[in-house]
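Labels run A, B, C and D following the written order; every chain starts at residue 1.
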C-alpha cells in the first residue's frame, strides 16, 4: 500500500532531468528530499503529483498505476516555494477552494476551513485578500489549503526558502508540529529542501538527490554521519564539507606541507592517495596550528565563516562567534582529526568517524 | 504540463483562423501566377509576374526601401517617445489619470478620417501650422517637399501610434517587481543608472514584442500616405503597400499585385524573424 | 441671421429665392422641381408615376455626397415615391468607384443594378453593362443630348452609359481682375503686355506669375496665380492632357493623339507633350503654397474660395465660385482652354508655328446598368427619370449637385440668369464656351483602351516626378512612354489598337 | 529625482499634450466652418474669426437626399460588428494563447513560438490583395454585404492581436497557479475558467481594447465587402469625400467616431491605475 516509484526518467532540459529514480514511500512517514538547485527535486515532486508525465518508469499507489490517474483525481496536496494562492479569492475562499471542488456541503467546508486556519494560526484573517498578507502569512494560507484536503500525499517543495531567516526558523518548528498533529496515519509527507539543517531538523527519512539521481537514502542522522560519497557529503553539509587531496605516508596525513597524525578510524585506509574530508565546524583556530591566508570572511548570524587558502588547498571554517578578519590576514588553524572523513579516489566513503566504511 | 486537453484549448482558435484564411492564402498564391486584371480572367502565366517584379520593376524595390526607412524610423520614434511618456506618468505626477487617458486617444482615431484632418492641418496656405509659423517667417513645404513630406508622414504616424507603445510599456512598467528597485535605491543608484541597469533590462522582453508588432503594423502604412500625399510629390512617399494598392485596386492588375504581396510577405517574415533574433540578442543578455 | 441662412442647405435656399413660376401638382409634391414644374417627356414625373415597381428593389452605387451622390439619392427617393419601388443607394468616393464595382463584376456578381463611374471606365465595364435599349434611345430627353456626350457614352456606336451629366475642362478666370482697367494698366506698365483672357498657355503662365503671391483683391489675404490638380492621384493626368492638347493635337495629323494608331507607338514623349509638361513644371511657381499637392477638391476650394486668378479643370470650381453665398459670385468668367502659338506635327517631326487650340472632351460622370441586373427596365426608367427635363434643370441650378450641361437645351443663357442669378455676360460666355467645344472639329476624347488605368497611372507617376523635380520633363515622359510600350506589349498590341481605333474614329470626326 | 528631471518631465509632457490635442482642437473649430470660412484664410476662434455654422454636424444625421450621410445606423453596425468580432476573437484567442503559454506543442520543426508567430503573421499581409479572395470566399458562402461576413473577416484581423497579447500575459502568470488548481481537483478546463481566467481580467481588458480599436478603425475590408445592406461607420464617413473635401463635416465625423473609444480608454486606465494590469500576480 505504499507509494512506489520505479526507474522514473524524465528529460526536461539537458541539465534538468530525472535519471532512473526509484523510491518506496510508506504511509504515516515524513520524507525529505535533499538536493541542490536543479538537482531534480521539483521535477520529482511534480512527477509524483502528476503534473509531469515521466518518459519511462512507473509509479504505483495503493496497488494502482498512479500514472493513469490524472492530477485532479489523485488526492494530493502541494505547497510551492513561491507563495501560490488564488489572487482573486480571499483567504477563506482560497482554503475552501479544494473542498468546494469536491462538492462538500457548506457547513462542512466552513468547519474544515476554520480548523485549518486555526492550525496555521490565521484565525481572524479569513476575509482578507491575499495581496494584503505578508509572505509568511501567504505561505500559511497555502499550507492550510493543502492540509484542509486531508490529502493522502502531501508534497512540500521548499516551502520555507523564500522566507526570511527568522520566520523560516519559526515556521519550520510549527510545520513539524502541524505535520505531526494535522495529518493522519494514512498520509505520506514529502518535503524537499536544499538546506541540510532543515533535513536534519525534520528528522525524517532523507533522499539525497543530485543531477536527477538518488545518491543515498536513509535516516537523517545516518546521512549526516555517514555520507556515502563526496557529493552527499557536500550536499548534506552547510557549508559543504571541506575536501582536500591528501596522501598517507608513514602514519601521517599529508597535504600542502601539512602533516597530521592519522586518527584511529582512518588507519585502516589502504590507498596512499585519498580525499580528506572535514566539516567546517571541525576546523578550529589554534595558535599552534597551520598557517592559512584569509580569502573571504563572512558573518552569518552569530557565526563567522572564513574562506582560507594555503597553496592549492581551500577550506572553509565556521567559528561560533563574530570575529573581524581582513582579506589576506594570516590565521592559524587546527583540524579535529578524530572527526575527519576519508573518501577514496573515486569519491566513495572510505571511513567515517561514526563507523561507516567501505572497507 | 502536458494533457490531451491542450488541443482543445489551441485548436478552436487555430482552426477558425486557418479555416477562414486557407482559401484566401491559396488564392493569393494562385492569383500571383495569373494575369488577372481588368481584361484578363484567372489565366495561368507561370512565373511571369515574379520575373517582371524581380527584373523590371525598380519602383517596387524603391518603395520597399522607402517603407523600411519610414517604418523603422517611426517605430524607433514611437518606442523612444512612448517609453519616455510611460516612464513619466508611471510614478507620481499631477493629473496622472488625465494624461494617461489623453495619451491613449490618438490611436483610437480612424486613420482614413484622421489623416484628412492632418492634411488640412498641414495645408500650406489654409492650415494652421504654416499660418502660425508664417509669423516667424517660416513656411515649410510639409506636403510638397520630397524630403519633408516623408517626415510629415512620420509625424502623423508617430502621433497616431505612439499610444500603442505607450500603453504596452506603461502596462509593463506597472507590472515590474519592486525588489530590484529597492535594491538599487539601497545602493544609491542615480535615476539614470537605475533606468539603464534596472528598468530597461526588465522591460526588454515586452519591448521586443511591442517593437515587432509595431513593425508589422507600421509596414502596412497606407491610409496616411494615400490621404496626405498619394505617394507624392513624385514617388517620394510611396510605400510598398501603397504601390500594391495602386497596382491592385487602381490599375486593377490583381495578379501582379498578388505576386508583389506574396513577395512582400516572404521578405517581411524573414526580416521580422531576423530583427526579433537581433533584438533578443541585444536586449536580453541572458 | 447669417447663421440661420447658412444652416439651410443650398437646396432649400435655392427654392426659397425663386418663386414657383410653374407650380403644378408634381411640384407641390416634389419641391425640388418648383421652378419649372413637371416638364413633359418620356420619363417625366407624369409618365414615371404610371409605372408600378412595388416590391422591387433597385440598388445603386453612386458618388459621395453631394456631387452626383446627392441628386442620385434625391431622385431615388422621388422615384420610390412615384413607383412604389425600394431604392437603396450607397455612396463611394470617386477614386474607389472603379474598384467597388469592378471587384464584384470580376467575381461574376452584380450587387448593384446601377453603377456610377467615369466615362473612361467604359471599355473595362462594358462587358458587364447592358446597352441602353432602343426605347430609351428614342426618348425626347435622349434626343436632346449633345453629339459629343452621346459619343463619350457609347462604344463604337452602342451606348453603354446613360447620359446624366456633362463634363469638360475649360478655363476659369477672375473677371474682376482681368477685366479691371486699373489692373490692365498696371499689368501693361509692369510687363508691357495686355491683360486679357489668355488664349495661350504662355500668356496664362505670365499672368498667373504676375498675380502670384500678393493681395490683389484687397481682402487681407495673399492671392495666387493658378489652382490646378497636381496631386498624384486619379485625376492629375487629365489636367496634364488638358495642357497637352494645345501643343500636341494637330488637326492636320489625324490618326491618334495618345498613340500613333498605325504603329501604336506612344506620342506622349514627343516635343508637344514635353512642351506642355515644361509649362506645367513652370506652373508649380505660381500655384498657392502646397499647390502641387492639390487634388480636385483643393482646386475647387482654392479657386472657388477666391484664392487664385485661374483654374482650368472641371466645372466645379466655377460653380462653387458662383454660389449665392460666395464672396466672388459674378466675379468670375469662363473661356475655352488656352491654346498655343505652335503645334507639333508628329508626321513631319517639326513644330508648326501656327495658333492651335483643341478642347479636351474630358471624361466625366457616367452611369451604367449591370448586365446581370434583374431589374434592368426599372434601372433604365430610373436613369431616364434622373435626367428628365424638370429634374435636370433643377439639378443644374444646384451647384454642389455636380450636374453640368450636356443637352443642347442647356446652352440657353437665360436658364442661368433666371434661376441662378448669374450676370448676363457671364452666363452668355459660359454657354458659348461650352457650345463652342461641341462645335470644334479638333477635339480630343479621353483614352478608353482596355486597362486604361495602367496607362493613366503611368502618366500620373511620370508627370508628378517632373513636378516634384525628380526628373526633367523629357526624362519623365520618356519613362511614361517606355511604360506605355510595356503595357501595350503586355496587353497585346492589336487589342489596344482595336480599342484605340474607336476613340480615334470620333476624334477624326468619322463617326 | 532631481529638479532638472522634474522640469524636463513637465516640459516634455506639456509639449506632447499640445501635440496630441492640437489636431483635435483644429478639428473642433473646423467642424463649425463652411466652404467660405475654410477657403477664405486660416481662422481659429468662432464668432471672433468666423461665423460658426452647424452644417458640418448636421450632415452626419441628414439623409443623402438632403446632402448628408446619416451615420446613425452605420454607427450601430460598427459597434455591433466590432464588439462581436472582438468578443469572439478574445474568446478563441485567449484559449489558444493559454495553450501556447502553458503546454508544449511539437509537430516536426514547428514549436510553440512558431505557432504564435503564425497567428501574428496573419497581420503582415497587405489587406488590398486579401480583399479579393475574401470577396470570393464570402460570396461562396453567401455572406457578402452582411454583418456576419464582416465579423468573420474581422476575426482574422483581430484574433492575432488577442493571441499575441494574451500569450504575453499568461507567460507572466505563474503556471504554479494552474498547477495548484489541478492539484486541488480541477480538471484543466476548470482550472482555466475558475482560476486562470478570473486572474487575467487586466490582460483581457488590454487585448479587448486593442481588438476594439483595430476593428473600429478598419476601413478597407468594410469598404470592399459590403454593398448596400450593411454600412460601417468609416465607409460611410469616407463617403463624405466628394469632389470638394468637406473639411467641416469630416472634422465633425472624426470627433464623433473617436468618442466611443474614449470610454474604452477610461476603462483601460482604471485598470492601469489600480496597478494590477499584469501585476495582479507576483
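Definition applied: a residue touches a chain if its C-beta (ideal position, glycine included) is under 8 Å from a C-beta of that chain, and two chains touch if they have at least 3 such contacts.
Small disclaimer: the values here were computed from a predicted structure and weren't measured.
Participant: Average the CA atoms of each chain to get its centre, and name the chain whose centre is farthest from that of chain C.
Facilitator: Ranked by distance of C-alpha centres from chain C, the top chain is A.
Participant: Comparing A-D against B-D, which pair counts more contacting C-beta pairs?
Facilitator: By the number of C-beta pairs in contact, the winner is B-D.
Participant: Just curious, how far off is chain C from chain A if you go by their C-alpha centres, in Å?
Facilitator: 90
Participant: Give, as an integer number of Å, the spacing between the C-alpha centres of chain D and chain B.
Facilitator: For chain B versus chain D, the centre distance works out to 15 Å.
Participant: Report, in whole Å, the distance between the mean C-alpha point of chain A and the mean C-alpha point of chain D.
Facilitator: Here chain A and chain D have centroids separated by 53 Å.
Participant: Can you check how far apart chain B and chain C are, centre to centre, with Cα atoms defining each centre and the answer in Å?
Facilitator: 38
Participant: Multi-chain contacts only, two chains or more: what residues does chain B have there?
Facilitator: Counting only residues that touch two or more other chains, chain B contributes 1-3, 126, 249, 254.
Participant: Quick check on chain C: which residues sit in contact with 2+ other chains?
Facilitator: In chain C, residues 96, 99, 295, 301-302, 307 touch at least two other chains, as defined above.
Participant: Where in chain A do residues touch two or more of the other chains?
Facilitator: 51, 70
Participant: How about chain D: which of its residues touch chain A in the complex?
Facilitator: 174, 176-177, 179-187, 190, 195, 198-199, 280-282
Participant: What does chain A use to touch chain D in their complex?
Facilitator: Interface residues on the chain A side: 46, 49-51, 70-74, 76-78, 80, 82, 84-88, 97-98, 101-102, 142, 145, 149.
Participant: Using the touch definition up top, name the residues of chain B that touch chain C in the complex.
Facilitator: Interface residues on the chain B side: 35-39, 41, 56, 59, 122-126, 130, 139, 141-144, 146, 229-236, 246, 249-254.
Participant: Residue numbers of chain C touching chain D in their complex, please.
Facilitator: 2-3, 6-7, 9-11, 59-61, 63-67, 69-70, 72-74, 76-77, 88-94, 96, 99-100, 103-104, 107, 109, 111-112, 219-221, 295-298, 300-302, 304-307, 314, 316, 320, 323, 325-327, 400, 402
Participant: Please name which positions on chain D make contact with chain B in the complex.
Facilitator: Within the complex, chain D touches chain B at residues 1-2, 5, 9, 12-13, 16-17, 19-24, 26-27, 30, 38-39, 41-42, 44, 92-93, 95-100, 102-105, 115, 117, 119-134, 136-137, 152-153, 155-156, 159-161, 163-164, 168, 172, 175, 178-179, 182, 187-189, 192, 202, 206, 209, 213, 216-217, 219, 233-234, 237-238, 241, 245, 247, 250-251, 253-254, 257-258, 261-262, 264-266, 268-269, 272-273, 275, 277-279, 282.
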